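See below for the structure under consideration.
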């Protein structure tokens, strides 16, 4: 049952070179602290070499710079890539419904279903929807009227994609995420909040991945967009008419408010909030738990509520720690100045 | 396929007046920066008039105060309302399952289903549940035993409404939201957390809208309540026994902890946290990413963690920016005072 | 229809003693402020005794220390436990699908289903999955290939448990929660974010409860773990490879980033964020809306962004309130020092 790989096979897989017994068989991969005597571990940086002695690992994937003193190893030109490749090589294939349309799915007759598509039980595909070749719709997925899913997508259980949305190729969406719900938009009139319709759609480009229980809202006019290769974690809110560039990372519980634009390669740490109608230019990085209130220039690194330059944030926080003591010092200084003033007043008036 | 409207038709719809060619045909509506040469845009405030020159829009919806210099227009007494009306006029009708009960739905024989109700595939309606006239249950909705849904409601895909909950008329709930899950309540005894039952329900009044992936928990005793016309965004947590008044706005990722009460017309910005067992009185407004730790008087505007008066918050943040420099100044002041003291001590004792 | 209990029955249930008419019949339980004339209320602490006069409650559950001046009562050695027991006694039984497998469920022939299991409509149970005795799978639950659910579990509607996960006994998971989605892990190479596979699973120990719309991600290698008796609220993110000890409480909208470890009895307030790869030792308590950036020693109480010792946090916030005024004072102090310096310089050079 357990997949085995030799050091030689692993070296070939990652484009690395063997140190030690090339025919050594490994049964899996784990971190140094958890690897068993038949597993390979990884040493991603020379500073972890000291942990090697205490590890039971039979071998290590290591960057060439590491001094391994005799541990069997595969030296890897790109250690992060090698770790991912070896994890993948030991992994079982992802589960999938059988190819074809499950008897308990509800697929409209007008929907266009590609080659080798797998549609699980309790899936709903609406009128004139399109599912591209080799895509997988896990159980309970709903694809709305007129929406299109590209090729080689994997849409996990209970994801809801409402009508008029467009999903590119090789997109993965994790369970219970919602694409294309109405944006949160009202106008106040007649003493109540009145709904603004959101007939616009959502466009998700190729190679995007969206986590579980996240929301990407549809737009008032035009489209909400997520650019190629952007990765979004769990429980993230992307509001109506937001435009996100390519290659961004949005960590868990991030919220981006309406009509805000993110450039390419923007990174938002966990729980970051970004206000509506602003622009975060390319390569902006925002620290976890920050709140961005205004436009940000390319490459800036921010932190805090409201977010400011990261170094300024650290400076302020460091200063703040001294503030309680400072208040005491100021009071003391006051007294000393008063005393000096009294002494100066006392001075014979010459 | 594309719906067309003339300027005259748009003027009639919004109760406005035409400027220019009344028979001009428009194919859609979009913001100034995105409108094509066959679309109408909007000019919600005179300060945006300068953007008119660069726009390709064929016409604009504008408030009468705007100086349009010849652009075909509909002048609107209520521009926000007019924008929403025109977006709605160009929008296709919302998708809906066919009226009646889908063959793949599971509706208990004791449930009471109103006139012209649409129940989609994989919907579950429990014992003695009631669905009001013309309401729509999209695919995968679950309505628990004894729960009631009013008339003209739209419950989107995979929403779960547990047993014993009551939903008013014209309520919209977006996909994957959960109404009536157990509150988070335990007592510590016998060295462990022991569950407090939550048999109470949830009451949602008329005209409420709740976003996607939000949670409204059921109560220990009595009911969790959401007042008439309140609008709740995505990924919002409303805990057990919370009572929310009428006309409130809760933006995305807000959390309101157990037994807290909100008055009417309270506005909570994105990601705001509100602690348990407190009261936020009418018309309180809390800035995004704030945390409210105590009762708040009517009309107050708060910001910060913990939240304080908004102007005080800004004052503190502005001061904080100067704090690192201040520390340097204080050190310098110390030296100067020391020098003065030394000089004073030096002074001939007269 | 309404369940009635006498004071004597309630006293027996909670192991307490009756004060007043033991045969008095009660129809329910509610807080002092909401109880009707046929209900019992509770008085959990002597400081609430003053609310007794205004209450309509027919009787109270009270801790023996309370002075009740004649109100019929049950004096309870453990008042919190007694409240929960009486709420439970008046509560109707939880709804449940009928025992057996619903005709509209999709259960793989290889799955092992225990005794007296209830499986609702539109449930999916994958290959070689195991469901323990007396467990309840509400409508729309998906259990992935090879996953195991222990005995006496209650998995609410639309919960998704992906492949290879292990759930203990007496576990409750609320609607629309996702267990075992891929972790958020990528390596940057070839100018793009490349996916790290997450074949590892999730292990959830006995007596855990997880709220609605929460996410517990699967691991890269090994397992993400949630320890015995830990309780997790709604909309919580537990990232890949996180390990949470026993008896912890994670309030709503908490996020714990990848590979972080929590000891036993850790308490995280609502919306707390915890960074990746750190350790929070036993009994750490973190105030709501805080962000924990580094290892925390056992028993520490933290607050703030970044989180610091709670008392220090309060000291800083209190000082910060005085900072705007302080800036004015410092400017004044400067002037007085300058004046003193001028006076000193003026001094005749003797």
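Letters A, B and C name the chains as they come in the text, with residue numbers starting at 1 for each one.
One rule holds in what follows: a residue touches a chain if its C-beta (ideal position, glycine included) is under 8 Å from a C-beta of that chain, and two chains touch if they have at least 3 such contacts.
In this text the structure is predicted, and so the values were computed from the model without any measurement.
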Same-residue or different-residue interface between chain B and chain C, half as cut-off: different
What rotation angle superposes the Cα atoms of chain A onto chain C, in degrees to the nearest 5? 120
Averaging only over C-alpha atoms, locate the centres of chain B and chain C and give their separation in whole Å. 25
For chain A, residues contacting two or more additional chains: 104, 122, 140, 158, 176, 213, 235, 253, 271, 305, 320, 323, 326, 330, 333, 337, 340, 344, 347
In the complex of these two chains, what residues of chain C are touching chain A? 104, 106, 122, 124, 126-127, 140, 142, 144-145, 158, 160, 162-163, 176-178, 181-182, 184, 186-189, 191-197, 199, 213-215, 217, 220-222, 235, 237, 239, 253, 255, 257, 271, 273, 275, 291, 305-306, 308, 312, 315-316, 318-320, 322-323, 326, 329-330, 333, 336-337, 340, 343-344, 347-348
Please output the residues of chain C touching chain B within their complex, sorted ascending. 28-31, 34, 78, 80-81, 83-84, 87-88, 90-92, 95, 102, 104, 120-122, 138-140, 156-158, 172, 174-176, 207, 209, 211-213, 229, 231, 233-235, 247, 249, 251-253, 270-271, 288-289, 304-305, 317, 320-321, 323-324, 326-327, 330, 333-334, 337, 340-341, 344, 347, 350
